[in-house]
């Protein structure tokens, strides 16, 4: 049986979710070549160099929905090439969500052929999917392109509700499914517990970095990593969280976990997820632009930057301000620790 | 200013919504050439010959979401060619809904270039759209391809909620927007009234055939038509409704309106729309297959026919049984009327 | 078998829904005797004298939820006495919705003992009720107090969703259930049709006056009446609608039906029902106060008048302005008709 | 300024939520004296003797909605008397949720007069409350009966949605509000973090025992307790959780926290909260009856035991079976520890 090059056991640490950088023409309706491939390469190198443990692209903020097919191919090729030069088996998941199974399979074949290791895969969202339809969908694509590892993209807004626990139980029987960008309400409780039992260790259920501490505090090695979109605002705090947690340094873990939550307090994602989801693409671009770790460029139609309400702009900028404070705190802390060691 | 060949005033009567016929391989994951073009031509001819006043394709049941780009082009070309041979200015709206503005514009340009009159257009549904985003989206596509008339595709399940009244007011200022496949809860009341006022006669708000009587009884010529998916189960009852209503024969209108509702009582669409929406494609195929007016073939992945629950199958077949009874009643009635006239 | 004094067949025309008038202390937390019994008597007499065909009290706007038990008894007694003096068998339905079956039965026994004909009855709303629980609830109360006719209070906001068609089918077997203040989305379509079939003529499904025309145009005598809260803003337009419709004067019916909808266009109830439901009590008081047909007095805690957002105040006042225009139009029309007759 | 006898600082450990025991006639429609006062006294004594740190009654499972006023008074009096004999300042919160502010105040005055320390208070739920209405409601009742401490009852099903963070910020300014039976989705994440910041330590936000570990692991002394309905199935596991957590024994805490979640896996509350909420009262009675720690008796109309679907019965019994296993495990563990100590 053909299997992917990586399995759940290969995944731990921070799975970074960078955007698809746009040239200045990103918001132009007439442009058909908007991907900034230079910035793409630079951004990916930065993440790899700074310590990302895995990378996933082309979810919602990665504009799977707004790229043309040719743009997606150009971006995917650039990312795969850059990552392969770093490490051919690096856990990289390129998004391939479309409106149907066959288009997704064609995208996956393209990815396989350019040497990709994995794919990030939400489900067709024209109609709400039943549990049985979800299971069949993932079985189909895994059987069609068994060489690719699959990271399931869970997003309750985009894909119309949670993935039921019974689906997780069924996905655990598909060897290609190695991870889930777990949403489930962005909190740790009954649902997370039940889903974790359902996958029996065969799939990594990675929570967002903001709440990873809660999951790790109880489940430890069963949840050895998290996903992070904020890492592209400057990854130091997220990597620090990873380093202290995986070292079971809970005292330091508490400090950094609380500070990361503090930095997110003003951001609408922490206060009203459905509202965040209406402006997901623009909000992420805005904070990446403000943070300066990479250059996102403008968002693509129909999600124009100028459709963002002003109060979302100001609360997002306050979030970025806090994040920059935290980055400095972490750098200072690391310097102090380093001094102590010496 | 470039304008479409048709306007709202050209639209009345029944707008039929046929499916995209599939060959036997329609449900095969590996097939990439599944459109039955012969059946497509035959089906379109039948609808034209039998009296459809306008036709729209590639909505949900028309599998806009599950066709590959090449299949869509082949289907669209066949439909446009067949319709043009009948009448070059016939109000035909080919679906071009995608996940973003630019892809939709590229599809619209293709349609324009093959001589299409109009486009059926839902909105990108990856994220829930705000009112302002909806307006901008329709403004953008109308400006980019001003030659095409636009029928707005309103589907509260697929596109995440109703189109707000303020959006209708704004759409009325776009000359390309000539009609709406109006959903809005599949009932006539406050919302329909307010939306009708908002468009000021510049856009046809066509309700489903089952409830057209309610709207026509109050608004008359302001609502001179309806959309109909059931027409593809055999159009006689829907055309009879049209003929008596537009002749202001309310007595006969009452009879046929009630019979059409009676025939839909067992169909899940009349009892639980969100549940219908989960199985839309399969349910429509099932009833078209059972009714025999055309040959739909199997539905395409991920919406496999075998995912349909058994109770939906049996209630749909009872619906078709009633529809066949009604078709005969209408034929008998027409024969009796014809005899009287003679 | 004990049966109520009235049945579905006794019900036609306009069922008016007046509020529970408050004295100046209506909004005082410390007051325990807030019902304005003089105004209650005057208001009921006006409605009876002006031509209401039936009356129902103590729904949401009638503040079933905010009256103390003693206030409710005082109000109910005053209403029953006033109505009995007019006509002992007049279809009067006093609200008795509580949080449980036993309290509701005790209220119903009180109503029976003071000579009431009927009861307006929503369901306990602490928890969302399943279909089976709804059926059992109405069976229980009907069996416990069989002398009272029951008008089922359907309100999708207050009682957490629609009443399923299967429940209507079961209610049709309870002889006490004679009518429904039908909500179901405030529109006529699939659901209304199916529910109407389910009750088989044994229960009146009265729609709101604004959309009665739609139902009457198709179903005629099966829907010989409507409910109306707006009637308490001055009932002339609603009574005129009744008079022309029941005379099958559809031409005049169209005129008045459209004008009634026009008058409701600014009112939030016609644009956003969930938002209306958050301010139901205050909005109704506001428009009654502004219309001047009766004196509602202030709303009771926790639904203070000053919690009403300003934009709801202004849109409601515009609604009342239109309603006053329409009242005059109707009076003029009646005068003109009367002149013609003479 | 009059203040309650207890403040947030007096609250830690386990807040138990026992039911209102019914005599055999609990399910009889004609009974008006259904509270089993002997079992009430016995049950309360057991909880106090076994180590409950605080007790709250008459929420949803405590049948605030289904008791008559006289039954509620009898039950409240019995509970207050039993608790006062144990400790006059014991943090006891008797439920007083009604459909309006004035009735709730009258209930609170009754509680104050019989010597109660506190009240458990959900909000009137006839209409969905806005944030401003919520704030005013709690301000009103606190001002009217300032002697009583208030535990806010948060239940997203019963009270139609979460309590917004801005409301928590306002409640922190009311000295009577000392605790919240926090629901918020039964998980620890963004919302819990933000709400905890909003109350600034002035209000205890107690999560359900199943997820307390997650909150305690990060926030420690800021979350020194939890609420527990399962404690009435036999409190040993919950008290063990408390003892090891408050001793900062995280290793043992992890064991018991996971076992408690394991025991809840089959229970519908952990898998589908809206479905649980439809049968809350019956499900809780069923598991208390099966567990045998106290005798709940039958649930009161309209929430009859026989309306419970069979699959909920069997999954609940499996949950109880696991709970009994866990109780024994905890007893064994305590015995082993005790042996070591000796």
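By written order: A, B, C and D. Residues from 1 in each chain.
Operating definition for what follows: contacts are C-beta pairs under 8 Å (C-beta built on N, C-alpha and C of every residue); 3 or more make two chains touch, one makes a residue touch a chain.
Labels paired with UniProt names: A, B, C, D = Dihydrodipicolinate synthase family protein.
Source: prediction; values computed, not measured.
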Each chain counted as touching chain A and chain B at once: none
Centroid spacing, where centroids are CA-atom means, of chain A and chain C in whole angstrom: 53
Rounded Å distance between chain C and chain D, as computed from the means of their C-alpha atoms: 38
Separation of chain B from chain C, taking each centre as the mean of its C-alpha atoms, in whole Å: 38
Sites on chain D at which at least two other chains make contact: none
Overall pattern in which the protein chains touch one another (line/ring/star/complete/other): ring
Interchain contacts, given as pairs of chains that touch: A-B, A-D, B-C, C-D
Partner chain B, residues of chain C touching it in the complex: 165, 185-194, 197, 210-211, 213-215, 217-218, 220, 250, 254, 257-258, 261, 264-265, 269-271
Touching residues on chain A, where the partner in the complex is chain B: 29-30, 32, 60, 64-68, 98-103, 105-106, 123-130, 132-133, 136-137, 140, 144, 157-158, 274, 277-278, 280-281, 300-304, 307
